[in-house]
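The structures considered in this document are given below.
Each of the two complexes below includes subunit A, the first together with subunit B, the second together with subunit C.
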Partner chain A sequence: MSTFWIVLGGAFTGAVGPGISVLYATYGELITERAGRINLGTEGCMLMGACFGFIATVETGSATLGVLAAMLAGSMLSLIFAYLVIFRDTNQLATGFALTMFGAGVTAWAGRDYVDSLIGGLNPISIPLLSQIPLVGKALFRQDILVYLAYALGPLLWFGLYYTKWGLSLRAVGESVTVAFAAGRNPALIQVAAIAFGGALSGLGGAQLSLAFTHTWSEGMTVGRGFIAVGLVIFGMWSPVRAMAGAFLFGGAIGLQLQLQSVGAPVSPFILDMFPYVITLAVLALWSGAASRAMPEGLRTVLRGGT
Partner chain B sequence: MYIFGYRVPLFHSPLSRIAGVAALLATMVLLACGADATSTPRPPAATVAQVATEVAPDTAMAFEPTVDDLAGGSPEAFAAAFEKAIAGSQFRPTSEFAAAAQPLAEGEKLKIGFIFVGSQRDLGYNQAAAEGSQYLEQVFPDVEVIRSENIPETADVQAVMEQMIRDGATIIFPTSFGYSGPTKDIIEKHPDVMFMHMGDSESFENYGAFFGNIWQLEYAAGQMAGNATETGKLGFIAAFPIPQTLLNVNAFHLGARSVRPDVETTFVLTGSWCDPAKQATAVQTMIDAGVDVVTQHQDCTKTIVEAAERAGIFVTGYHQDASSAAPNAWLTGAVWNWGPVYAELVNEIRNGTYKSSVMFVGLEEGWVKLAPFGSFVSDEEKQAVLDTVEALRNGSLQPFAGPITDQDGTVRIAEGVVPTDPELQSISYLLEGITGRTN
Partner chain C sequence: MEYRSTLQQAYGFAFNLTAPPVVRSLFAVAMAFVVFGLLLLAIGRDPVEAYTKMFQGTLGSKLGLSEVGVKMIPFVLTGLAAAIPARVGLINVGGEGQLYIGAWAATGVVLYLGVGQIWLMLPLMAAAGFLGGAAWGAIAVFLRNWRGVNEVITTLLSNYVAILLINVFVFGLWKNPDGFGYPYTADFGTEAILPALAGTRLHLGLVLPVIAVVASYLVLTRTTWGYNMRAVGGNPEAARRRGIPVGTYLVIAMMVGGGIAGLAGMSEVAGIQHHLRPGISNNLGFLGFLASWLAGHNPTGIVAASFLLAVIIVGGDVLQFSGNLPSAAMFILIGLVLFFVLGFRRLERATA
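Here is the complex of A and B:
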C-alpha cells in the first residue's frame, strides 16, 4: 500500500477517533442554539461528563452507569446556565464562559484522586463485513458503542427537528419567542429542556473521550474541543447532518497531522498542529453569508457578525 | 462590515472572500514561522558573582544516601557529582545568602515549594517529581513541602511562586522545563529565595539547574524494544522537539539498533505535554505505520501505555513505572530517582555550600533507574539489558561514540569522537533510520 493510502486511511481513523467527542458536543450545542440560546459552557459540560463519567465508572465498575453519570453531570452544569440566562436574564456569552471555567475547576478538584485509576471502559466492537471494507472499514466500523450511537444520532436529530411536533416547537422558540408564545407554547420550558438536553449530549461527548477513547481522566483533557464545537455548529449551519461533516473534518485534520508526521512529510509539525483550527476559521470565513442566513432568528442579537 | 460607522465592502464578492481567507492563512503561517525567532535567550545576569568567599562549615545537617536509595548507583559518585558541579560553578556560594541557610527557630519548618505542570498522580514525570518531594519530607523531619499541581507554563507559575514565597517558602523547585522563562523573570526580585529548575542549561546566582541523563536508560529500553519487535518498526510519541526529547529518541533508536541493525523508528509530536485524546490517536497512527513497540516522552504516560495494551503491541515506559497499566505489554522503562537528588540539593543549600550550577548526571550517580521488567520478558533478555545498564554505568559503553549519522546522511559525530554531556544535551537532530521532524 502506498504512502498516500496509508495517510488517507490514517486521516479517516483520526476523523472518527478524536472527532466523535466533538461531534456529541456539536449536537448538544446545536439543539441549544436551535432553541435560541448559545451556551459557551459546552467545554465545561464536556469536562463534567468526562470527569464524573470516569469517577462513576471507577466507583461502580460499570461503564453504562458512567455514561449515565456523564449525561447527568453535563446537564446539571447546563441547567445552571439555563437558570441564569432564562430566569435571571444574565449575559449568555459571559455566563457560558464562566461556567466553562467553573466546570474546569470542579472537575480538576473532583477528579484529582482518579488520574491514575484504571478502568475497563468501553471497548471497540467490530461490525462483521462492514469492518472489512478497505481503507475506511476499520476506521468507521471497529469502534465503541458511543461512536455508532453518534452516527445514528445525526439523522435522528435531523428527523426530530424537522418532522416532529417537538422539533417544530423548538425551532419556533429559536426563531421568535413571542410568536411561539402566541402559538401556545411555553418558550422558557422548551429552552430549559433544550439546554439540559444539549448539556447531556456534551457530557456524553466527554464520556466518549474519557471512557471509550482514552480510558483516562486528566485535568482539562478536552483542551478547547467544546469551543470548537460552538464553531462547528455555525460551520454546519445548524444542521445535525452537516455538523457530522464538520466534526469529522476537524478530527480528520488531527489524524492527518499525526499521519503526515509519521511518514516524514516535509512540513513542520507546528504548522500541522494549527491545521484543525485553521480549517475551522477558513470555513467560518468562507461560509459566513450562508451561515448568517441559516441562523435561528433568536441568535441574531448575540451572534451577529459584522455584515 | 462597518468600521467606525463606515460601510466597508469587505468579504462580499466571492473573490475578495477567497483573498481574505488566503490572507488569514498566510498570516498564521508567518506567525508560526516567526514564533521561535522572537524568543531571545536571556544573557547570564551574574557579572558580580565571581567573588570567592569562604565556604560555610557544614552544620549538623547531613544527608547520606545508601546504595539502595540510589538504585544501584554508587554513593561516592553521587557525592562527587555534587562536589564537581559546585566546584565548577562560576557563581559564589549564593545559598548562604538564601533564607533557607538561616537557622530555624524552635518548632519552625523549612518550607520548600514544588510546582508541577500536571497531576501528581499522572504515572509520569510529575508523579516521579512528587514522589521525590515526599522523600524530602521523610529524610528531613523539619522540612515542609508546599505543592501546587496543574500549573501552566505561563505567567501563572509566577503567581504561584509569589504566593509560595509569601507563605514562607525559601527554596522553590519549578519542575517543568517550560517554567524556566517565567522563573528567570522573577529571580532578581527574590534574591534570598533559591530556585532549583529541572532541565535548564544555564544558571544564575539564585537559580540552579539540574537534570538526569535518562537517555542512558532510554538506550537500555531501546535494546529491549529491539528484542521484542517483529516488524522492526518502533514508535516514539513525543510532545515537543526539545533537546532532551531528541536525545531520548536517538538513544532509544541506537539501543534498538544495537540488537537489530535494521530497526526503523517513527517519531511524532503531539504538541502538548498531556493531551490524552491526541496520545490515543498517535498510538493508532503508529499501528497504521506497522509499529509494534511504542514508547513516549510525554508528561502523563498512562494513556499511551494502556492504549498499547489494548492494541496488543508492546510498550516501554518513561518517567515512572506504569507496568500496572499494561501487564501484557510492558517491557521495561526509563524512570527517575529524584528523592536523594532533592535531598542532597536541599542539604547543600541549607549548609551554605551550594553554588548555582548546571548539573547533568545519570546512572552512576543513581539519578535514574530502570523500571521493572514485564513478567513475560525472558531471563536472557533481562540479563542482556542489565549488562548494558552496567556497561553504561561504568562507562565502558558509549552509545554516541562516532561515527553518528543524522537523518539526511550527514555525519554529525566523527569517527573516534565521544561527545561530552553538554554536547549531548544540546542535540538538535534525529539519527539515520528515524522518520519524523524536529521543527
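Here is the complex of A and C:
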C-alpha cells in the first residue's frame, strides 16, 4: 500500500479524537446562536473548562468531578456575557471577545502551578463488537466516554430543538424576541439559559481537550478552537447533526496533519498546522450561500450583510 | 451612611447615563480597577501595593513613560485597524494577523532589497508593511463581498494562519545561519532600524500613529469619503441607492485598516525587535481591537484607550518582574475594563 493511502487512512481514523472538543463547543455555540446571540467568548469558555477541569481532576483525583467543574466554569464565564448583552445591551462581538481575553487571563493565572501536573484523566473504553468492525471500528468505538456522549448529543440536541416545547421556545426567541414575547415566552430568561448551557458545553469541550485528548494543561491550549466552533456553526447551518460533520472535517484536518508529520512529509510542520484553520475557512467560503438562508433572524442584525 | 449615599449617587449618576460619556467611561474604568483590587484582596494580595507599583513603574519615571509610549504605538495602529472598517460596518478582528504579515513584508524588504540609505529603506519597509497588512485584510473582505462569508470569522481565523506563516519563514528560509539555531532572521542593519530616543526604547515609529490618527480623523470628519463611509456603515442599502459604491468602500476600508495594522508590524520589527521572530506581537492586535471598542471607534478616543491599555500592560510587566503577579493577570483587568465600559454605554453605541 502506498504512503498516500496510509496517510489518508490515518487521517480518517484520527479524525474523531481531535474534533470532539470542537464539537462540544460547536453544540454550545449553536444553542446560544439559536437563541439569537453570538458568543465569541466560546474560546474563553473552552479555556475555562480545560483549565478548571484539569485543576479539579488534579486536586480531587476524579475526572468526573473535573468534567463537572469544567462545565460549571464555562457556564459561569458565559453568564457574564449573558448579563452584559441582555441586560446592559452591549455589543455582542466586542463583549464576547473581551470575555475570551478575560478567560485567557484567569486560566493563565489559575493554571500556572498545574502546567507540569500529571493526571489519569479519561481513557479510551472499547465498545465490544462495534470496536472490532474493520477499518472504522477502532476509530469510532475505542474512544473516551466524552466521545460517545458527543455522538449521542448531536441527535439529542436535534430532537430537543425541533420536537420539544423548549426547543420551539428557543428557536422562536432566536427568530424574533418581540414575537416570542408576544406569544407569552420570557425571551431574556430563555437567552440566559441558552447562553449558560452553551458555556457549559464549551467548558465540557475544553475538558475533553485537557482531560482526554492531551492529558495536560498549558496556557492558551485551545489555540482558536472556540473561534473555529463559531465558524462550524455557520457551516453546520445551525443544525447539530450537520455540526457533527463539520467537527469531523476539522478533526480530519488535524488527523491529516499528524499523519503527514509522522511519515516525515517534506513540508514545514507549520504549513501542516495551518490545515484546520484553512479548511474551516474554505468550507465556509464554499457553503456560505446556503448557510445565509438558514441563519436565525435574530442574528442578522449582528452579522449584518454576510453570513 | 453619608459615604454610602454618595457612592450610590455616583453610581446612579454614571449608571443612568446622565453623565457625559467621558465621565461615564472614567467611572467605568475606576470600577474595573476597584473590582480587580477586590479580587486581589480575595486571594490574599495587597491591591494598594500592586497599584502603587504599577503606576510608579509606568507613570512615575521617564523610562516607564517611554515604555508606555512604546506599547501605545501598536495599540493605536491596530485600534485604527479595527475602527476604520467599523465605520463602514465591518468588524476587523484580524489586526493581530495583519500586524504579523506587515512585519513579514517589511522584513522581506530588508532581506531582499538591502539599500544602504536609511531615508530610503525605512519608507520602503513601511510601504511593504502597509501593503502586506492590506493584502491580508483584503482576503476577508473579498470573501465577504463575493461569497457572503462574514468577516468576523475569517479575520479571526486568518490570525492563526498568519502566525504560522511567520513560523514557516523564520524556522525555514529566513532563519539566520549565524543564529545558533534560534528561529530569528538575521539582525537588521542600522539603515533598517527606527532610531530610538537615547536611553529608552521609544523609537521613531511614534510618527506612524500620529500621522495615522490625524489622517483618519480628518478623512472621517472632514471629507466626502468619511461622510460616505458613515452612510455605508449606517444603512448599506440606502447608501447603495444613493449611488455610493458600497462594495468598493468595504474593500478600501478593510484594506486601509489592514494596512495600518501592517504598519504596526513594521514598527515592531524595525523599532523594537530588529529582526523577525515568532511571537513578536503577543496579542498587540487583539488589544488594539479592544482599544477601538473602548473608544467607540473614535480615532482620538483610541489614543486615550491605548494609553490606558499600555499602562495596564506595562504595569503588568512591572508586577511580574517584581514577583507580585503574573503578567497574564492583566488580561483579567483588561477584560473587566471592557465589561464596565461597554456596560455603561447602554443603548448609545457609537457605530456598528
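Heads up, the rule we're going with is that the second predicted complex is superposed on the first by the 289 of 307 C-alpha atoms of A that agree within 3 Å, B and C clash if a C-alpha of one lies under 4 Å from a C-alpha of the other, contacts with A are read in each partner's own complex, and residues count from 1 in each chain.
Methods note: contacts are C-beta pairs under 8 Å (C-beta built on N, C-alpha and C of every residue); 3 or more make two chains touch, one makes a residue touch a chain.
Predicted model only: the values in this text are computed from it and were never measured.
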Subunit B versus subunit C as contact partner of A:L93, first or second or both or neither: second
Partner chain(s) touched by A:G14 [first = subunit B, second = subunit C, both, neither]: first
Which superposed partner A:V278 touches (first subunit B, second subunit C, both, neither): both
Which superposed partner A:F270 touches (first subunit B, second subunit C, both, neither): both
Touching partner for A:V230 - first (subunit B), second (subunit C), both, neither: second
First, second, both or neither for A:D116, with subunit B first and subunit C second: first
Partner chain(s) touched by A:T216 [first = subunit B, second = subunit C, both, neither]: first
Residues of subunit A contacting subunit B in one complex and subunit C in the other: 108, 112, 219, 223, 268, 270-271, 273-274, 278, 281, 285-286, 288, 306-307
Contact footprint of subunit A on subunit B as seen in their complex: 1-2, 11, 17-18, 20-21, 24-25, 28-29, 32, 35, 118-119, 121-123, 127, 149-150, 235, 241, 266-272, 274-282, 284-286, 288-289, 300, 302-303, 306-307, 310, 324-325, 435-437, 439
Residues of subunit A touching subunit B in the complex: 6, 9-10, 13-14, 17-18, 21, 108, 112-113, 115-116, 118, 123, 209, 213-216, 218-221, 223, 225, 254-255, 258-259, 261-264, 266-271, 273-274, 278, 281-282, 285-286, 288, 306-307
Residue ranges of subunit C in contact with subunit A within the complex: 89, 91, 93, 143-144, 147-154, 156-161, 164-165, 167-168, 171-172, 236, 286, 289-290, 293, 325-326, 328-336, 338-339, 342-347, 349, 352
Of subunit A, residues touching subunit C in the complex: 40, 80, 84, 88-91, 93-95, 97-99, 101-106, 108-109, 112, 219, 223-224, 227-228, 230-231, 234, 268, 270-271, 273-274, 277-278, 280-281, 284-286, 288-289, 292, 303-307
